[in-house]
Structures are given as C-alpha cells and as structure tokens.
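Take a look at the structures listed below.
Shared between the two complexes below is chain A, which has chain B as its partner in the first and chain C in the second.
Presenting the complex of A and B:
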C-alpha cells in the first residue's frame, strides 16, 4: 500500500516549502515532492527584497527554508511527479520513479518558469546582467544602460520601473507596436530615457564575466549592462490540467481567497496561481502557501481524525 | 511647507515595513510613521513560522526588517499619527507631535491589537505561557495542559489546533454555549482531550517565571502551562474611519486584491485588512505590503513624474 499523508505538496519552491512549514507545525503529515527543491528562486544570484535579509543568494535562502520545513517534520523527496489521480477518497500521487503516495489534500505549487530567449550567452550571464524579474533586480542597475525584451504589460512595466534607476532603457520588440495597456505604452513612448527598437530580436548576449552587449538580428550591437527578458511565463500546469483544475487565459490556476481550486481538496499556491494579484515574489508565494495550509487545517474533511 | 513623500505608511509592523522595503526599492520616496516600529510581532517571544528562520524572537526579526527598510532608503520616524487629511491632490499626515507631511499615497497598516483580559499575571507571563496566537504558538505545548479563553471561531479553532499537541485542552467561556460555526463546536464538544468550562472567567494567571495555573471567578484553580486568549482583536481603525475608508463588520479595512481601499490612493495592508482570508501572520502581512507597493508603483497617478 502507498504511504499515506495528510498533505502532498507538488513543487518545493517558496510557496511549497512555506506550505510545508505551516502544515508541519499544524501536525499534518506532509510530503513535498520536487526533483530540485527551491524553485526558480534558486536561480536568483542575489535577493534583496525578502524582508529580513538585506542580501542573500537564492540558493542560500531556499536552503534555509528547506531546512526549516524539514525541522517542522516535513518529508521532502527529490522526485518529479508523473501523475495525480483522484480516488474515491483522497488522491494517489505517482512519481517518475514509479513510487506511489496517498493523501487527503494536494497543494500544487509547481511554479512559473520565466520564458527564455534561448540565445547564446543567455544562460552564461544569468544573474550577471541577464534577469527575468525587473521588480526584483532593477535597483542593481543604477546609472547603467539596460535593455528590455518584449512589448506586453510585463515588459513595458519593467521598462518604466527601470527608468527610476538606469540612465538609458532600450525596449527591443519583435512587433511594430507595443501591446501593453495604453497608459503604460504612453509612459515609455514619451520617456526621454527610453528608446524603443521595433521589429528586432536579440540574437546574442555577449560579455566577459558580466554582460557587456547584445546583438540584434538586424546586425546592430548595443552596449548594455542589463538584459531584462520579459516575454511571459510558462506555468507548469500539466498536472493541474489532468486533474481538471480550472485555469485562466494565461494558464494560471484560478484560486479562491483561501487558495482552493475548483477541485475539492486541491489547492494552488505560488507563481502558478491567480492569487496575489499576479505579483510573483518570494514573500507573496510564501503567504499563499501559509493560507492554503491554514485552510486545510480548518477543512471539515479531517473531522474524523479529531474524534 | 510640509515635507513631501510619494508614500506615507502608517504603522511599522511587518506589513508596513515590507511595504517600505518594496517602495524603497521602487524608488518611491517613502516615510513610515510609528511610535514603536515592529508592531505586535515584537511581542512574540519566539517566532518559528517565518520561513527562513527556524527560531527568532519577534524583537530580533523586526529589528532586521526595520534595518532592511532603512537600507532601501525608507525614512522611519517614531511618532504616532494624529490625523490624515485628504487634500485636493494627495494627503497631509499630522503627527501627535504636530509635524506635517504631504504625500500622494497612504498605506494604512496600523495592525490589530489582540484583545487582552486585563488580569493579574497576564502581562508577566506573556510569552511564558500566555499567548494570543494559537496558530503561531501551539507547537510549543506538546504533551502539556493548556487553556483557551473564548467561545467564538478563533477560540474554538485554537482549541482544535491545540488538541494536536497538548494532552488536555480546557476551554473557558463566560457564556453557556459556544458560538463558533456548528462544525467547529462539534469538534471540541465531542473531543476526548477537551473540557469546556462554561459561565466562567479567568481572574488571574499564576506562576513562577513561567505560567503554572489560572484562577477562575468560581474560585477554581486549574494547573496549566498555556493560556491562549482568543477573544478577538481591536483593529486600530480610527485613522481609516476618519478618512471614510470602508470597514467590514469586524472593523477590518475592506481591500481589493491589490490592497486598495474604497478611497482613491489609500491602501490597507496587514492584520487590519480583510485580505489573506483573515489569516494574520507575519508572512501574510508582508505579502500584502509588497502587493500594495507594486500597485502604487503601477498607478496612473504618478504618470507626471515619468515625463
């Protein structure tokens, strides 16, 4: 028979591990499944906006949080989930390695991978000029030249934020017209620090130790210290979908104010959900994880165990 | 003329200081006003559920967070706010010390003081047996005897949670019938670990260094290691009220998913709001603060400054 848990958390990033800490403290028998715990937060070279840490690497912060969850009695197994099956009562979770676990509640916190350009130098200079989060990293580029790739809301908002720091902000967009909300487009179109280059794509990120320039497909090379890639995310929603969990138009899991999905006893938390008004931060993801755990603790489903 | 800020944050607890960190990083000129920064979090002897810190005192954690906000350029002034006045454009904030500050945006994060019993020993044994947060402190009472004061949802949920840890849970309630939701009442009424004492009030908390017993108004003395006082909160809403901010029936500030109140450019964050499904934790308050800041950054109101 499969090992039985109260809660299985799929995805061990900030949302999943925070949910784990809370579930553990609530004495719920809890398992976190993640091939590589820590989530996209571990990709951050330097985190300066998680309250309490003026500066810490993503790897170090998530290592602390993982240990914290383990201290609260949470079991963390480094495996990917292959399938979540709804049973008459509860769920069976199967891993890629063919292990099976049973549970009453599932929290899906599989995150939202930032979409990559897939160009030479992108990976090499990640955290050394290349960034996927302007809200996190803009302050590192005071008086520098930066470039933003994209033309939607995220890209244009990133550009506006960057004008508060950088001396010059390029927007590189493959189409011939920005497609953010009008008020945002106007802000950058009329901004003296912003230069928009339409119908262009970035083909290469170049540098030495840190990013120095980008090469466009029109052959032009632009000197820049920062390359903000804001072309959307790829929520990891295959498992949610197969359970029948409702998604919004951006493939995010629609959740209630207590992080419930449309499927009974299935919760969503973190970047993969519609919560926190779409503001994808470590602290917002952690908050969502804690709220889901509290709701699970309160759920009627567990009545029997209290008798 | 009054000093001019982009954002004035009233209340420097977890929500207010997290909002400060984010506003500071967004290059918004930001002032936090609080006679005693840190909020009710500083009353916690030992915090074990803020992800990343397995164990830290409330004073130490909030000291770190305050320094973090100051490092991001936030000005913190230790004064109470006397009045927030809406002007034609923006707001004027006056302190008890008759100082005046102007701003475009206000975040109200004045918190929610847990209601006290006002009995001898309550203050002395706070953090040494007396607690106002079962969700935070229940795990400290493994195999101990504890007592919960109150009979509403918070008290009954606290009792249920405590049955996961304590060997015996008293509920002391001044009325003759619990008034939580029926499903919750049933859980404790039928629970073998729970004993409900109706029509009784706690008159004294006694001990030596730590809590040892409580005395009821019927003369009975009960040996107990924990006294959880769950008789509601007192949101600090005078300032919000005078601005015309809408409150719910529990006197909490009603906020949207981006922490906006019904008054333009006035935000709420933390325990004083209806957000986070009412789960009042450090991490949820901080999340709310960050979301408010992000919405302020995005607000059209600041367009002029970007030209």
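Presenting the complex of A and C:
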C-alpha cells in the first residue's frame, strides 16, 4: 500500500514550499516531491524585492523557507516525479525511483526550465564559457570579457553581478529597450564597463576547448570568454499534460482565481500558471501556493459535511 | 561527509589521477546555490556507488588552479576520471536519478 497523503505538491520552489507551509498549518498531511530543491530562485544571487529582506541571496531565502515548511510538519523528498495517475478516488504519484504515494489533492508547482538559445556551439561550450547561472559562474570571469543575452530582470541582474568580476560586459538584446525594473536598468545603462547592443541576437558560439567568441545576426563577431544566457524559462509541463490539464498558448497551466485547474482536485501554483497576471515573482508564486492550500482546506471541509 | 573525499591541489594526483576505480569529482563553490542543493544528492550517490567508484569534491574558490587546468568555468560540474583521464563531464544541476543515469552511461 502506497503512503497516503492529503496533499502532494510537485516542485519545491517558492510556490510549492509556501503551499506546504499553509497545508501543514491547516493540519493536512503533506508531501513535497522536489527534483530541484528551492527551484530557480536559488540561482538569484541577490533578491532585493522580497518584502522584509532588503537583500538576500536566493539560496539563503529558500533554505529558510524549506526549514519553515519542515517545521510545519511537511515531508520533503528529493525525487523527480515520473507519473501522476488519476484513480477512482484520489491520485497515485510515482517517482523515478519507483516509489509510490497516494493522495487526495495534487498541487503542480514545477516552475520553468531555463530556456536555451539553440545555437551552434551552445551545448559544446556549456560550462566552458556558456552559462545559465551568473550567480554560480561569474567569479570564473575575473578580468575577462563576457556577454549577457537578454534584457529582462534576470539578464540585467546578471550583468550587474558580472561587472564585479569581468573587465567588460556586453548586454545583447533583441529589443530596443531593456525591460528590467528601473532600479536595475539604471545600474547598467551608465556603467563604464557595460556596453548594450540592442536589436541583435547571438547566432553562434565559437571557440576551441573553451568559448572564444560569439557571432551576432548582423554578422559582427565579438571576442568573449563568457556567454550568459538569461532569456527566461519554459514551463515544465510534461506531468500536467499527461494528466489532461488544460494549458494556454504559452503552455502555462490555466487556473481559476483559487488556483484550480480543469481537473478536479488538481491545482497549479507559481511560474507555471496563468495566475498573477503572468508576473513571475517569488511573492506571487508564494501567494498562489497559499491560495491553493486554502481552497483545498475548504474543499475538504465541504466534502466532510456531505459524508 | 563520510563517503566523499575532499580534494586539494596537494592530494588531487594521488586521489584522482592514480586511482584504480573511476573517480567522480564535483567542482563546486560556497557562492553557488545549485552546488549547495546538489551536495546532499552527491553524498547519497557516493553511498550508492560504494566499492564501484570514488566520489570526491573540489572547492574551485580555494583551488582555482586545479579547476582552471580542467577547463571548468561553470559549476556545478562533475568530471568523471578513469585511469587519470577525463572520460565525461556533467555540467549544471541535475536531480539524483538523472545524475545516476548519466554517470552509468559515462562509466559503462
């Protein structure tokens, strides 16, 4: 017999762990299955917009959140989910390690996968100049030339961090204006180490053993040791899809204002959903997680009244 | 930390280059979030592979010349060595079952 839970949460980023904290406090027996502890939030070197913390690293914040969830009695297991199966009553969740758990409610909070450029050389030089995590890899580029691709928050924050190490930082962006928060944009727009190349895309990464240069779509070749790819994410939707959960045209899980999906007792929370007006923040993800938990609590109470 | 050997520039040759079994080296640093998240997974794998392979880790911040000479410019990176030679590398965070799968593929 599989271990039985009230709620199984898939994904242990801000949305999943926040849902866990609320479920725990509502005395729901809760399991979080987490293939990437802390989620993509752990890749942020400095978070300055999480209320109450003027500056905190993603790792430190998510470490606190995880401990909080554990304190509320949530069981967190580091495993990827292979399949969610709908039963007559409830669900069976199977992990890649062939463990099985049963539950009445599922919250899918699997977030985003890092988007790749899909250009020649990108894979070959991954970890040898090509990077998807500036907070991890910036210190390897002391006094070197680096390039950041993208123009949103993640890209501009990466560029700011890189100015502490590299001697020159290019930002390469396909639009004509950066779209990060103004406080971040200001830090790069007049920075003497930063050169912003607008309306350009990277077409190729070249090198020998390690990255040496990149080629832009205007034909220009730029010598660089680092290429930081910060162009956002794609939703991790395989599990949702296999359950028959409805997605929108951007492959996000369509949810109601109480985070319900089209499948009964399956909820979505965080970056993967259409909620919060598409504003993907730690606070919005956490908020979605808490709302899902609240709705689950109410559903359970209502079901109990009919029994 | 029982099953994972701590590498330095001093013991790298003895523990890695001259080892009889395959050696899987985790290149990490204190500042790297995904590295910290992967550390407990690596520790578990070291236990699972006991007797079949050696698991070791190198702090790239303390020993940049060692990571530099292996062309490591991104972490976490796992390099699999056999007979002193690199036979494969895994770049970036991966969950336990994927790591296991990739390591088996490289070593076999």
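What we mean here is this: the second predicted complex is superposed on the first by the 183 of 307 C-alpha atoms of A that agree within 3 Å, B and C clash if a C-alpha of one lies under 4 Å from a C-alpha of the other, contacts with A are read in each partner's own complex, and residues count from 1 in each chain.
Please note the rule applied: contacts are C-beta pairs under 8 Å (C-beta built on N, C-alpha and C of every residue); 3 or more make two chains touch, one makes a residue touch a chain.
Keep in mind it's a predicted model, so treat the numbers as computed, not measured.
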Counting only touches as set out at the top, which of chain B and chain C does A:209 meet: first, second, both, neither? second
Taking the superposition as given, does A:284 touch the first partner, chain B, the second, chain C, both, or neither? first
Regarding the shared-chain residue A:111, is it in contact with chain B (first), chain C (second), both, or neither? neither
Answer with first, second, both or neither: which of chain B and chain C does A:49 touch in the superposed model? first
Which of chain B and chain C A:96 touches, first, second, both or neither: second
Based on the superposed arrangement, let me know which partner A:135 touches: chain B (first), chain C (second), both, or neither? both
Output check: A:163 vs chain B and chain C. Expected answer is one of first, second, both, neither. What do you get? first
Look at A:16 in the shared chain and tell me whether it touches chain B only, chain C only, both, or neither; answer first, second, both or neither. neither
Going by the contact rule stated at the top, is it chain B or chain C that touches a larger number of residues on chain A? B
So which positions on chain A get touched by both chain B and chain C? 135, 139
As the complex stands, chain B meets chain A at residues 14, 17-18, 21-22, 25-27, 48-54, 61, 64-65, 67-68, 71-72, 135, 138-139, 157, 160-161, 163-165, 183, 187, 190-191, 257-258, 276-277, 279, 281, 283-284, 286-288, 290-291, 294-295, 297-298, 300, 303, 306-307
Once bound in the complex, which stretches of chain A touch chain C? 35-38, 42-45, 57-59, 62, 78-80, 96-97, 126-133, 135-137, 139-141, 209-210, 225-226
Quick check: in the complex, which residue numbers of chain C touch chain A? 29, 31-37, 40-41, 60-61, 71-77, 89, 91-93, 95-98
